[in-house]
Structure formats: C-alpha cells, structure tokens
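Presented below are the structures under discussion, each in the form of structure tokens.
The two complexes that follow have subunit A in common; it is paired with subunit B in the first and with subunit C in the second.
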Partner chain A sequence: MEFLIFSDTWLILLIAYIITTISLNLEAGYTGIPNFGKAVFVFMGAWAAQGIGIRLAAWIVEKQDPALAQEALEFLKNHLGQDYPSLVAAAADTDANRIVANQYIYPFLQDHPMIVAMLFIAIVLIAVGLAAIMGLIASYAALRLREEYLAILLLSFSELMVMVIFRQTESLNGGPKGLWAVKFAADNRVFAIIFGLVVVVLVYLYAEKLAHSPMGRAMRAVRDDEIAAGVYGRDVAGIRLKVIIVSSIIASLAGLVYIEANLAAQSLSFDRVYWTFFPWAFLILGGMANNKGAVLGVIVFMVLRRMIDYGLPQLAAGHSALIQMAAAYLSNILVGIIILLVLYFRPQGILPEKPSKTLDFGEILKQEEA
Partner chain B sequence: MSDPILEVRGVVKKFGALRALDGVDLEIPRGKITLLIGPNGSGKTTLMNVISGVYTPDEGRVILDGEDITGLMPHERFRKGLVRNFQIPRLFSGLTVLENTAFARYGNPGEGVVSGVLKKKWIGFEEETIRRSVRMITFTKIRHLWDKKPSELSGGQMKLLEVSRSLMPDNPKIILMDEPTAGVNPTLAHEIFQRIKQIKEERGITFLIVEHRLDIAVGYVDYAYAMAFGKVVAHGEPEEVLTHPKVIESYLGG
Partner chain C sequence: MVEIIPSGVFLMSAIAYAAALGLLSMGLSLTYVTTRVANFAHATIGMLGAIVMLFLIDRVYYEGASYQLFIVGPLLSFVVAGVFAMIMYLLVMKPLQDKGNDVIGLMIATFAIDIILLNILSFLLNAMTGKHLPKLYGVNIGPWDPTIQCCGLELKASNFVLPIAAVLLTLIFHLFLTKTKFGVAMRATIENPNLAAVMGVNTNLVYTVSWFVSGALAGVAGSLIAFSLKDTSPNSSALIIVSVFAGSIVGGLTSIYWGLVGGFIVGLAEKLLTSIINALYNGYFAPALGLPEIAIINYEKVMSLGLVIIVLLFAPQGLAGVDWSKLKQKILRR
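Presenting the complex of A and B:
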C-alpha cells in the first residue's frame, strides 16, 4: 500500500510514535519527569501480544480444538524432529513459533471471531497491566531521585529490561529473534491502522483534558518547583507516580499497535534510539507541554525523514555503490541538522507551551468585578 | 507558656562548619501574631525551612499543636495545618499569577489522573477557588497581572503573589511568612498587616512573621522573638524585645 511516497509501514510508525510522544509529553513536558526509558514501556505492549499473547492463544487452541493441537505437534515432530510437550511450549519456542502461529493459530482464530474479540480485550488488558507494573517499579526510584539521576536510571532500567533480560532469555519473548504475535484480523495492517487511530484520538483527548484540569496545573507546579509544590500540600512523589503509570499504560498501546502491524518483531526493534530518543526528538521539535506540538513534532519529523529517505537514493541512483550507501546514511545526519536548526531558531519548539486554563478565567474576572 | 501552637526544641542546623541554627527553642503562642527579627544571616529563614520540613534539622524537634512533626515531609506538615511562604519567591514559572494563587488552595478533587478528566467532579470546587483567587489578588493589588507569568513581574509584585498564595489555604493552624512586605509600598504593607490581623481575629489563625520593616510591623504584632547567630537572644512583648540590649547589640554588631 503506497500513497505518494508514504507507505502503510510509514503510517503505522507515525501512529505509534504519536501515541508514544503524547505519553512522553505528559511525563516530560507537563510534569518534568525525564523518562529516558520509554522503550521498555512501549515494549510491554508488544510482549503482551508476542510472548504472552501467543502462549495464551496456543492454550486456547489446545482447550478448544485438541485435535488441531495434536496435529500441530505431530507436524512439528515430523518436520523439525522436535517433541514438544504442549502447543503452548511449541508456540513459545523460537524454532516452532513461526509454524505454530502461521499454520495453526492464525487459521484457528480466523474461524472463531468471538474468541478473537475476547483475546484482543485480554491482551490489551495484559499490555496495560504490564506497563503499569513496570511504571510502578520505575517510579519507585522516580520518587526519590533528582532529575538528572532519574534520567540515567530510567535509561539503564529500560536497557536492562529490553536489551539484557528480554534479548537473552528466549523463554520470555523468543530472545533476540522475537516471537510471532497474535493476529486479530485477516488484514492485520488495516486492523493496526484502525486500532491505532482510535487510540490516537482517545489518548489525545485524554491528554488535552488532563492538561486543562486541576491535575494539569498540579503537574506543571511539580515540574516548575517541587519544593514549593510540596510546601503547598502536594505529594510530589505521588503525583509523579500517577503520571508515570498512566503514561506507561499509554506507551504500551503504541507497542501493541506496532506489533500488530508487523506481527513478528525482534526484541531489538524496541531499542532506545527508536522508542526513546526519537520520541524525545519529536517532543523537543514540536514543543514541550503542548499536545498539539507533540503530534506536530512527530508529523514534521516523519514527513521530512520520509522525503529525505525517498529523495536521496533517487539522486544517488546511477552513481557508485559508495555514494548510494552514503546517501542512505546521510538521512540521519540531515534529520539531525534540521532538529538543530529548529532548536537554534525556536528553542521552545514549533508550538511553545501555552497556559492551559481549567475554566474561562476572563469570564470569572468580569463577574467578580460586578 | 501554656499551650503553644508551635514549639521548636533544641534545633541545630549545620551547613558544613556553620551552625546556622545553634540550639533554638521557640514557643509560638496560639492565635497570636508573633514577630521574628534578627540581623541578616541570623538564621530566620533556615528556621522557617526546618519548621516547614524543607530542611531536616541535625538535632532537635518541631512540635505542631502537641504533635511531633520532625520526621514529616513538607506536604504532610501542610496537611496538618502548617503553611509558609518564601522570602525569595518560589513561584511556578509556567503558571500565571491567577493559577499560582489558585494552586495554593489544596484539596481540589480534580487533581487525579482519572478525576482530572471528569470535569463534573471538580468544576464546583475549581470555580470557587478561582473566585477566591481573584478576590485575593484584587486585595494584593496584582489583579491586573492575573494572566502574566512570574517572569513578567517585578520583585515587589512577586512578593505580593507569595503573600496571596500563603493566604489561600482553607484551614491553616499557623502561617509562617518570611518578609511578606519586602519591596511593597508602605500603604499596601500596612493593608497586608491589617488583613493578617483581621484573619487572626476572625479565624483564630496563628502567624509567625519575619519582618525587617519593624516600623510597620510593630503595630500589629502580639509577641516577638529575636535571633542572632543562630540563637534566640530575646523574646516577650514586642516593645521589650525591640529595646532589649542584646537585640540592639546584635543589630549594631551585625
């Protein structure tokens, strides 16, 4: 699917990035929490559909259609020479996962729409729950540490979870290769786009409402001066905790959208460059503590990058292999230069923070005058 | 003294080799305005920071209304009725004058990640808060600046915003004010002290006020403490304290 130079792959990434960046904005933009560990929270959404979801689906197949499960195990024995104790075990094994998912689980799910619907709800809940737990663990430190230490701690936390634990432990999510995720519709990409757009709309509305609420005011107060916020009765640690948990939940939905579009993704796909540093770049570019800015930052960045990625190879075509390769790398450098230029000429981002009033203050002032 | 609202017992606070508070004992009388004076650097602000929980003392206890609050966080002390403001304004740079004032009223039901998006839950409380804030900044004569950020205010206007904030909380037992009228014109400074006196009389709230402008403050206060070099050097009736030889000496020496 291509429209102009934009592909569906590009659109899905755009959607997942918008969700992630809105979530980061709640933490970093409004509350001043330097979350440099976004990747792990995004990854929780993928894990829910991959390592956890595919086991759950295999378990359902075993219960609902034992004959099919048996057939699958026989097939694996004959073709891979592997004897799996159960379909669940086979589904989570890196060697058998692809076959089990594509030849048995996907066709089964396609024939059972009610089960798919329930599985979808279950996996969304699992994603959200896992993210909340991760958020809770991360906040345990967030409550105590100063900003600069917190940034480093969250970065290390995310690296440790995704890069060390999940990549090294095959049983969790297939190790470096990753596992095939549960598929909810025949056309999983269209499904991911629709689901993603629904999430974008809901998350954006939520973030805007929150920004214009007493909570939004309290978040900005905590960001601006945590001592003064504490002296005026606010439990600064508690506010940070709540914001981190909600933001983590939102970020996990981005991971779920992304994995649904791609079905198989290596654990490596959820690395700090793409799911932590890029969202930070979008946010800084678009404008911190401005939800419209967060969305705009993603769009501007992604469109520019796509144009560069598309345009440069065309220019380089016909030239030597070296120049073609250089063109591919140049795109990163160009994107970097554009960000630096924006920051130099417009340090608050494209759309700077605006006061987000809870009520029509001007009207109340007029009434009080009378 | 019988039944003080706030007691400070043997408080020591060190910064490196400096003993900013060197064994301070205070008993703040309930329902009165107490003035705290002392030369620059005598430890008044440090004492406020220890009382409000911004600093942890190296030794000693802080007792609010009979309860030892030494180990509590600033927000827990606030919720027990202890309010303070800041000598050097600590305003929220991203909030307007009106929002800074409104934030100082604690207890908004809309301060949650779920309740925040349910406007019905908080609109009543919020409207009342904004109205009160408008009246407060009208009194402190910064109403015309309601939509401005702190960075756009003068030093005196920032102090007035600090005063506005500290008078917003619902049911404080005691309000600590650190030089509330510094940089404020004398007429308004008198009005602020009149207002403080009125709040004391009508609502029985205790005040502990650090003030260098003794000529203005002295007509409104009921009791006084004087500090020098991290120690209390005199306390009693304001006139006695102001004319106490040790107090005069500390000012002349400093």
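Presenting the complex of A and C:
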C-alpha cells in the first residue's frame, strides 16, 4: 500500500519514531536527562519479540502440539542435516530460525487466536520489564553524573549492548543477522500500524497529562535547578528514577512496533544514528519540553526526509553514475545540515516550551466553595 | 597448553593501539577543556586520516608496501584532519556557542557533523578510489604495511611507527605548551579564559589552534590505526569513539596529559586484558568446569566500559582528580 510517495514502511517508522521521541522528550525535554543511549531501550522491545518471543512461541508449540514440533525437527534434520534437541533450540538458531518461524510457528499461531492474545500480552510485559531493568541500570548512572559524563556513558552503554554483546553473542538474538520475531496477525504490517497508533495515542495523552501535573512541574524544577528543587522538598533522585524507567518502557514499545512490522531485523539496525540521533534531531526540530512539538518535529522531519529520499534519485536519474551515487549519500548529509541550521536559527524548535496550563484562579475558588 | 602471556607481536600491536587511543583521547580532552565541547565526531575526524592513507595507497603507493607511505601519510593526515577540525570549529561550533547553545545542543551539533562527515567520506571512498586497485571500501590494507625484522620478531611497521609518533607528538606539544609564548597563553586560557582575555590573550585564536591540534592528533592516530582495522571504512569510527570517550573519562576529561594516559590505559586493557582473560577462561576454567567456550576476545569494548564505570564510581573526576601525593602518603604510612 502506497499513498503518494509515502509507503507503509514509512508510516511504521513514523509511528515508532513518534513514540521514541515522546519518551525522549520526557527525559531530555522535561527532566533534563541527556539520554544518548535511546537505541538500547528501543532495542529491548524488539528483543522481547525476537530473541525471547520466538523461544516462547516455540516452547508453546512444543507443549501444545508435540507432533508438529517433532515434524519440524524431522524436517530440519533432513534439510539442514542438523539435529536439534528441541524446537526452542531450533528456533533460536540462526540457520533454522527462518524455517521454524515461517513454516511452523506462524501457521500454528494463526490457528490458535487465544494463544496469540496471551503471547502478545506476555511479550508486551517482557518488553516493559526488560526496558524497566535497563532503565534502572541507566538511572544508577543518571542519579550520580553531570550531563556530559552521563551522555557519554549512556552512548557507550548502548553501543556496547547493541553493537558488541548482541552482535557477538548469537544465542541472545541470532548475532548479526537477527532472529525472526513472533507474528501476531496474518497481516503483520496492518497489525503493527494499529498497535502503533493505539500506543501513540495512549503515550501522547499520558505525556500531556504528566506534563501538566504537579509531577510535570517538579520534573521541570529538577531540570532548571536541581538544588532549588531539592531545597523545596522535591525528591530529585526519585523523580529522575521514575522518569527514566517510564520513558524506557515507552521507548521499548516503539521497538516492539518496529519489529512487528519488519519481523526480521538485524541487531545492528538499532544503531546510534537511527535510534539515538534521529529522535534527538526530531526533538530539537520540534521543540524541547513540548509534546506537540515532539510529534510535529517527527512528522516534519520524516516528510522532509522522505521527499529528499524520493526526490534526489529522480533528480539524479539520467546523470552519470557518480551523481547517482552522490544522491544516495546526500540524503543523510542534508539531515545533518538541517539539524545544524535548526540549532543555529531556532534552537528552541518550531514549537517552543510554553508555561504549563494550571487551573484558573476563579475555578479554584469555586472548587473550594463546593 | 594455552599461552597466557601474549606474544611479542601481539604486545606490540596492543601498545600501538593504546598509543592511538591515547592520541585520540588527548585531542578529545583538549577541545573539551578549551571550548567545553564533547566532540562525538572525534573518531570520524580520526578516520579522515585513514581515508588519506587509502587515497595515498590507491593513487601513489599502489605497487606495494613502502616506508615512504609512513612519512607522507601521517603528515598529510595531520594537516587534513587538523584543518577539518579547525573549519568545523569556526564554521559550526563557534557560531552555535555564540548563539548561546548549551552543552547538549553542542553535542547534538557534533553528532550532526559526525553524520555529515561519515557520509562524505563514504561517498569519496566509493566514488574516487579504484583507479589502480579495486575499490578500497572496507578493505583490509594490512598488505601495504611492511614487516620489520626486530629482536627476532616480525613486527608490522605501523605498530612501530604509532608509539613513536605518539611520544614525539606529545613531546612537541608539551614543549609548545611550556616553551612558547602562545603555549603559555593557551594554558592561561584553559585555566581562566576571562583573566587571560583581560591580559591580552586572543582567546579565539587559542580555541581555533586547540581545535586544529585536536584534529591533527586524531588524524595521525587514524592514519596509522587504519592498518590494524579489519575493514578500513569510515564506519569503523562508531566503535572507536566508545573507546576514545572511555579513555578521556578515565583520564578525567579535564586534563590533556591525563587524557593521553587514560586512552593508553583503556587501549592496553582492551587488547591485553581481554586476551589474558580469554586465554585463562578458555584454557583453564572452561575445560575444568565444563563450561562452553566463549570468544571473550570479541568483547573488548566491555573492558573499556567496565573501566569507565570503575573510574566513575571510585574517582568521579578521573585520574586527573586523584590526589596522587596524598595517595602516596597513605600507601607509605602503611
């Protein structure tokens, strides 16, 4: 499905980015925690559906339908020449993963909607739990370090987790290739779009509610002056801890949406450019500490980028091979230049931060009377 | 029987890698102490040096290993990377700073420059190389590294030149800082920019020069480390930057010399410690306890992050913040 120049792939990426950017806004915009390791939190959602989810699904198949599992193992023995002890082991193996997922697990799940529903809930819970644990680890540093140190540490942390550990350790997520994720519906892209839109609406409403609540004001106080916030009795460490964990959980949902749409993705696709720098870029373009700005930033940026990606090859078509090659690289270069221009001409973003909405004084009096 | 003590050749390559990281961390600390910019593009600026090497090999030295390459290459990288870093400061960082962007805004800007530079370099490599040799994108250029017979070992020239270059550059930089008038002005600016400006120091010039030096050091390191990378492409910077930041944080981010030391320590830890642990685990513990073999050698970046965490926990100011004389007294008193 393709409308104008925007494809469903683009739409899914847009949704995943909106979720990530709103979560980054809670941290960086409202609370002033420079999270440069967003990629790893997004990846946790993907991993819950990939490395963990596919094992879980294989285990369920083994329990519910031993005959099918036996058939799958026989098939693998005949075709790959490998003897797997169980379907779980086969599903987690890079060679057999694709066959097991596509030929046995997906058809089985399609016939059992109840199991799919439970599996879906389980995987969302796993994603949330993993992200919360990661957030807890990150918050240990975030409570103690100055912003530059924290930014560097989180960047290194996410590069280390995604690029080193998940790439090298094949048993975790299939190494460089990545495992196939669990498929929840026959048309996984439509499912991902619907699920993603629901998450976007919920997360947006939550973030708006949070921003205008006393907690939101406390978050801004922590950002603007930590010492003053502490003096006035705000629990600075507690606020930071909560914000990091909540926004990590939100970010993991973005990873879940993304992986559900693509099913198979390399661990490396969750790198610092696409899942850390881009959300920061959207946020700076749209405006920090403004949820509308965060969403607007993603939309403006993604439309611009799509137009660049679509327009440049058309402009270059018919020219020499060198110019065509330049067009492929120019897209990312233009993205970088746009960020620099925004930082120079409008550092506060398209929609700058606004004073938070509070109750009208008259209304408060009315409420007290009543 | 598994060798636990690493071989001489490996030791030399580890020292060379550590020296390169030392140079890179020193440059990173330099721009941080002068202009408060934590430069995420630093490793990619270093890769400019590697790209200069690739171009030299493609255009001039395509016939094979040559010692001349090791003089021309680093020198050219010194200038190219230095000029790039200087232009980056004058064209982007300084205007942004004057506009009043905070630390995080500047970090994002360096991130943006990182992406721009990465793509320009990838394009250049893809489009411009391949005149005499097949395309040199993501190729191991080890064959252009001549072998030197020394002390009964076959050492690679780049492993030899890197530590020497690091020592030489540090010495020259140290003399520049202490013996020349401009060097003294530079130290004064690092200590107290306002006071230095009142005393007639042109702080803008100092900042510009510090960016040039930072880029130049990175360029030399990058040009020589290019030979030991598995595939020499600009994307290698993604993992190098982690080690460089680790080195700077271990050093404390506030001191140039400690940055050098920090980078060196991180480099040695990454190469040597991982290989020793690897040999110990796979040679003794795994067979004895019946555990599966793990290629720990692939997880060298875990070591650098581990070091960073240890340093941040026990000495948040890094090695530069440790009161060495007090520490010495404490140890002696026991």
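Definition applied: the second predicted complex is superposed on the first by the 359 of 370 C-alpha atoms of A that agree within 3 Å, B and C clash if a C-alpha of one lies under 4 Å from a C-alpha of the other, contacts with A are read in each partner's own complex, and residues count from 1 in each chain.
Following the convention adopted for this analysis, contacts are C-beta pairs under 8 Å (C-beta built on N, C-alpha and C of every residue); 3 or more make two chains touch, one makes a residue touch a chain.
These numbers come from a predicted model, not from an experiment.
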Inset, instruction - Could you say whether A:F361 touches subunit B, subunit C, both of them, or neither, answering first, second, both or neither? - result: first
Inset, instruction - Could you look at A:G233 and tell me whether it touches subunit B, subunit C, both or neither (first, second, both, neither)? - result: first
Inset, instruction - Answer with first, second, both or neither: which of subunit B and subunit C does A:I194 touch in the superposed model? - result: neither
Inset, instruction - In the overlay, answer first, second, both or neither for which of subunit B and subunit C A:L315 touches. - result: neither
Inset, instruction - Could you give the residue numbers on subunit A that contact subunit B in one complex and subunit C in the other? - result: none
Legend entry - Residues on subunit B engaged by subunit A in the complex (per definition of touch): 52-54, 73-75, 78-79, 83-84, 86, 90-96, 98-99, 102-104, 106-113, 115-117, 119, 122-123, 126-127, 130-131, 134-135, 138, 143, 146-147, 165, 169
Legend entry - List of subunit A residues in touch with subunit B within their complex: 206, 209-210, 213-218, 220-221, 223-225, 227-236, 239, 242-243, 245-246, 289, 353, 355, 357-359, 361, 364-365, 368
Legend entry - Touching residues on subunit A, where the partner in the complex is subunit C: 28, 34, 36, 141, 144-145, 147-149, 151-153, 155-157, 159-160, 163-165, 168, 271-273, 277, 280-281, 284, 322, 325-326, 329-330, 332-333, 335-337, 339-340, 343-344, 347
Legend entry - Residues on subunit C engaged by subunit A in the complex (per definition of touch): 32, 38, 40, 92, 95-96, 99-101, 103-105, 107-109, 111-116, 118-120, 122-123, 126-127, 238-239, 241-242, 245-246, 249, 253, 295, 298-299, 301-302, 304-305, 308-309, 312, 316
